[in-house]
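Have a look at the structure below before the remarks.
Chain lettering (A, B, C and D) follows the sequence in which the chains are written, and residue indices restart at 1 in each chain.
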Amino acid sequence: MSHNTFGHLFRVTTWGESHGPSLGCVVDGCPPGIRLTLSEIQSWMDKRKPGQSRFVTQRREDDVVKILSGVMLDEDGETMITTGTPISMLIENTDQRSKDYGDIARRYRPGHADFTYDLKYGIRDYRGGGRSSARETAARVAAGAVARKVLPDLVVRAALVQIGKHKINRANWDWDQVNENPFFAPDPQIVPVWEDYLDTIRKSGSSIGAVIEVVAENVPAGLGAPVYGKLDQDIASLLMSINAVKGVEIGEGFASAELSGEENADEMRMGNDGVPLFLSNHAGGILGGISTGQPIVARFAIKPTSSILTERQSIDADGNNVEVRTKGRHDPCVGIRAVPIGEAMVACAIVDHYLRDRGQTGRLR
Amino acid sequence: MSHNTFGHLFRVTTWGESHGPSLGCVVDGCPPGIRLTLSEIQSWMDKRKPGQSRFVTQRREDDVVKILSGVMLDEDGETMITTGTPISMLIENTDQRSKDYGDIARRYRPGHADFTYDLKYGIRDYRGGGRSSARETAARVAAGAVARKVLPDLVVRAALVQIGKHKINRANWDWDQVNENPFFAPDPQIVPVWEDYLDTIRKSGSSIGAVIEVVAENVPAGLGAPVYGKLDQDIASLLMSINAVKGVEIGEGFASAELSGEENADEMRMGNDGVPLFLSNHAGGILGGISTGQPIVARFAIKPTSSILTERQSIDADGNNVEVRTKGRHDPCVGIRAVPIGEAMVACAIVDHYLRDRGQTGRLR
Amino acid sequence: MSHNTFGHLFRVTTWGESHGPSLGCVVDGCPPGIRLTLSEIQSWMDKRKPGQSRFVTQRREDDVVKILSGVMLDEDGETMITTGTPISMLIENTDQRSKDYGDIARRYRPGHADFTYDLKYGIRDYRGGGRSSARETAARVAAGAVARKVLPDLVVRAALVQIGKHKINRANWDWDQVNENPFFAPDPQIVPVWEDYLDTIRKSGSSIGAVIEVVAENVPAGLGAPVYGKLDQDIASLLMSINAVKGVEIGEGFASAELSGEENADEMRMGNDGVPLFLSNHAGGILGGISTGQPIVARFAIKPTSSILTERQSIDADGNNVEVRTKGRHDPCVGIRAVPIGEAMVACAIVDHYLRDRGQTGRLR
Amino acid sequence: MSHNTFGHLFRVTTWGESHGPSLGCVVDGCPPGIRLTLSEIQSWMDKRKPGQSRFVTQRREDDVVKILSGVMLDEDGETMITTGTPISMLIENTDQRSKDYGDIARRYRPGHADFTYDLKYGIRDYRGGGRSSARETAARVAAGAVARKVLPDLVVRAALVQIGKHKINRANWDWDQVNENPFFAPDPQIVPVWEDYLDTIRKSGSSIGAVIEVVAENVPAGLGAPVYGKLDQDIASLLMSINAVKGVEIGEGFASAELSGEENADEMRMGNDGVPLFLSNHAGGILGGISTGQPIVARFAIKPTSSILTERQSIDADGNNVEVRTKGRHDPCVGIRAVPIGEAMVACAIVDHYLRDRGQTGRLR
């Protein structure tokens, strides 16, 4: 496909299928002299890995990251220092049950990439969706973990804000709650609601969509470009590249269609410290494609997984009408595990623009 | 910025500011032997050009396209044939009134790129927003017109579906109506509503957001890639690169968050002609990043323009608190003129993937 | 062809044929705030333009550059300041005599791109070689002139060192002589020899090859990369992209095949000022793909133009055996005019790496 | 460095240092449905691997390639079929003796990338040159082996044509001899000469340069582009990216500087079978950047390795004057092992252009 690389100066190439021996990525363009540890990277991987609650796939993967190149060990024997060369990271697939997929080997799951993949390539690794599997996103989280080290002050956090029709109450937003529940919910009051709701979904072998919100703080002002290579464009592109994503918003997003110029204008005043202050953030931290220095706010919508137990009408590779139901082990709400992935994508986009901007304007250190 | 190029095999580079002598683009990668005429290209330009109704900026531009390279004249002296070399197109800026902008030369319009542009580049062509001006999109429409000729059967159409809180009634959708009203509205019954509403907005010197829907038909099945360089990812990226866009959706978009796997599954049956049939199109014509052959449906949200007559609090380049109101000539609803631009972006994305796919799979003719 | 762009952060896209109305380039990624004047750019154009002596084509082109975007006029009304947006430059073709080419419209000139171009594209602008014409290089020189302004201390100079079997005497090398003769010869003693030799070539309607040497001084140390995107790799790529170039060397080049490790080693000593000194420069200023801070030395070989008056055996587009002789107006030694082009390519490569390095290492200002 | 990827549709990203646990590459864009076996790939690896004669480094590496993604096993359990997804290949480093390098950890080997690498990155994996090590080229050979499978009729062969001042006699050229001697020499009569010569070099701990010639046959005509992305440009770029290469030639190369237009013209005649015939191949199979269908002939010059036993003057990382001699295990003539690497680079360039051309012109199958 020759399109498994993203980024311009901070470039990430991912590879691997869900049922191959391993998957991974090559992070090319990471500046030299950055100190990182495997445990730091692993901590991000653990947020994404499956099997952590009854609300996600029961596939068990440790998602242990190995770094194969691009670093040297420091005297302490634990800290690694980047050398400026490509950082190759590998994650082994340990829990593959191909048999689970046997009966859908030639049947197309409605709403799944099966059909289009076969159509385009004429061959398909049907096991777990092959390259289309969410397993690929493990490599993105590893790349995002490296990106975070390039801008140590950068804070990129995400939370689940909607499952089905059940939305959080923004008045209750508390970042400290996000890692205290199996949904990355920032609103503790929604947790029992989602628990009951997802138990029903799960037991019926169904699935449901979700919305994730990503917030990036301490983003240097001035990152991006006015026309193409806009920071919001690249964030939208990377979020849309995550499996099952069908929509992306920045700031007010679709709500801005209903706003007047007066309502949408983020007014400004000089702060006492001589730093410009914005009195609101409808723009989501990006104006004309360039970061304002305010928090960057992005949201993305995830469709329900197409792998469900209920029978659905479809066809097979031989052109016969068939009924399809997917046994296997699946996520009733794939949106949950998309939370750390969204963080990783936004972190990578910001760091890539940071390096570009430093190159073109010599403005940053 | 070195990011004024998009596309991989069908590559478009645009250049130009709103108040320079001209603007244009270079279309690189257009296949040889394609026959086109200036009038065909011009017909698309005319859809976008300003001053066509009281609901858009009164700036008057003919937006006449000149082709400077990449074609040879046919015997008929009118038809041009592409030679496979870069097609350079130029559009002159004829109606620039810099004086209109004098008083905001050093003041930052809230919600506008003024502030971030100065912040990043330390210099800014304040006249009409310089590079950030919607004038740049004229070049995109010209590129899109060439893209359409590469896939003659491809039909890419767009319509305005929402202004402020006023949405169209989808039951009334009629493509034949779209060019019969100043809003590109597919629902004739919404036209008087929007007229009254926008007159109020316009007279008060305010502005309002909008939502545009783009539909591409006769898209070859199998275009795109499963992970990155997804067709929907590239469409989202290009739509998000249009000025003032804050959100992008494919198919059900954000609504898919509320759907179950059963509801969202586009079931399939074999047609009598042996062609697979989809019984619905929640996916918007793209599954796993690859086109299904169904119509591709994308929507994008446009924020209200920040250039309004009402005073807003802001700061100037010297760090003083100021009040800003923009006189100039502006669009009460920039979303209207974004309709042909959205079409152009989707056409370019599809053609780029068509050429990539033909290269990598040798599947297409 | 979708390959008319070079550079990664300092990106140049060229367009145009020899017999279209004009040709030009878009320089994308030029940093903001750089001051330049048209006359500075024009001075480089004048070095390349044809018709300046009896030893180059008699086609007369003023090669006047127009800047259409990417700059603002300074108060002085003459100096332009780059805004960080794409710089679009246009050069009109004024002296086209298509009739000269009439009789070779369907005949392939041996050694010319005619045959391969038709073969690939199925259509060809035979007039002056269309896109394959050396006219295209005018756009490169304009881009190189902008690149020089990004690194004001950078000095990139080239000279002709060989025509046919007649080589200069390096002991006589004098940069001040280069612009004092029609050959860009650094050795005054070779001038009369080349004059007599080229008069003979010219009168017989023949042509001859040449070798050009480019030397870049004040190149920041540390530009490039160890494996790909080596500085010498990118210089070689750009020099090889010049029409008629068949070979490229860095430093000792092919002569290094005959050197021992001892002979080829550029030994080092610390200078009294604490700056490392190299005692020789066999490497041509680049070690392991990265600049050493020494002068960068590159050479390239230009084949004789295939447009000659002597009849040669060939075929035509209909598959008939024919004899071909090219009337038209041609360069007896195209290598002469390649001198400023080689300078431009090396300047662009160095500036592109300067911006990349600043981005990735934050090392440069 | 973010420049460890080459190719446009057939894209190769390499990673790894000489003294890390492993190195490898990701081949992105390989068409689906291609059948290959590990043993086929291994056969090319074996040509490059060290320790095969006394004339190359005694480091022992099996260079066994593991394929981690992008393929499915065929029924036969041995043949792999590409799926169109990224092919990740890994090669373990088994024989690393870091201690050998201890004493040059802080000393710069004259003529080596040590100095420039430290200068740019401020940190360096001195062991075996880190990323600058020729070990990296193992990954290129693996990528080239995959490229060959994309165009099964393509034959890319290389031979060593010069060591020091000792050149082969072209009259004796016999491809069958190339693999019958430790030098990849096509001329059996040069073998004893080179043996004696290299024994002397080796015993004195010195090193010497070389020239390699690559010939590609059955190259589809029409690959390349007239200006940038020329086939010869991309070949030159990739050959120049090989460690220690200082010069590249196509066809007559530098010799063309001494040829007249008459001598250099490759005349044509229609063959009896209606296929155009070239009566010579001075162009080396490429005219105007586009392949003619004749064999492509490229040569590249390799400098002597800078790792020699003789003491040389240099400085260390602390700025002291020092004497440097490299113990370690090195190649007296690195040019020998560059033969299969040159083949791989040319194969990758041709396949990349084949896919591009198929995409843009739809001309190829």
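Quick notes
We adopt the following convention: a residue touches a chain if its C-beta (ideal position, glycine included) is under 8 Å from a C-beta of that chain, and two chains touch if they have at least 3 such contacts.
Computed from a predicted model, the values in this text were never measured in an experiment.
If you take chain B and chain D together, the chains in touch with both are A, C. More inter-chain C-beta contacts link the pair A-D than the other of A-C and A-D.
Distance between chain A and chain B, defined via averaged C-alpha coordinates, is recorded as 27 Å.
If you average the Cα atoms of chain A and of chain D, the two centres end up 38 Å apart.
The distance from the centre of chain A to the centre of chain C, each centre being the mean of the chain's C-alpha atoms, comes to 45 Å. Counting partner chains per residue, chain D shows two or more touched chains at residues 1-5, 8-9, 14, 29, 32, 84-85, 120-122, 130-131, 226, 356-357, 360-361. Touching chain C in their complex are the following residues of chain A: 8-9, 29, 31-32, 84-85, 226, 355-362, 364-365. Residues 1-6, 8, 14, 108-117, 119-122, 129-132, 136, 162-165, 201, 206-211, 221-230, 232-234, 236-237, 240-241, 243, 246-270, 274, 276, 279, 282-284, 286-292, 301-308, 310, 312-315, 319-321, 335, 356-357, 360-361, 363 of chain B are the ones that touch chain A when the two sit in their complex. Against chain C, in their complex, chain B makes its touches with residues 1-5, 7-11, 13-17, 20-24, 26, 28-29, 32-33, 68-70, 72, 81-88, 90, 120-125, 130-131, 355.
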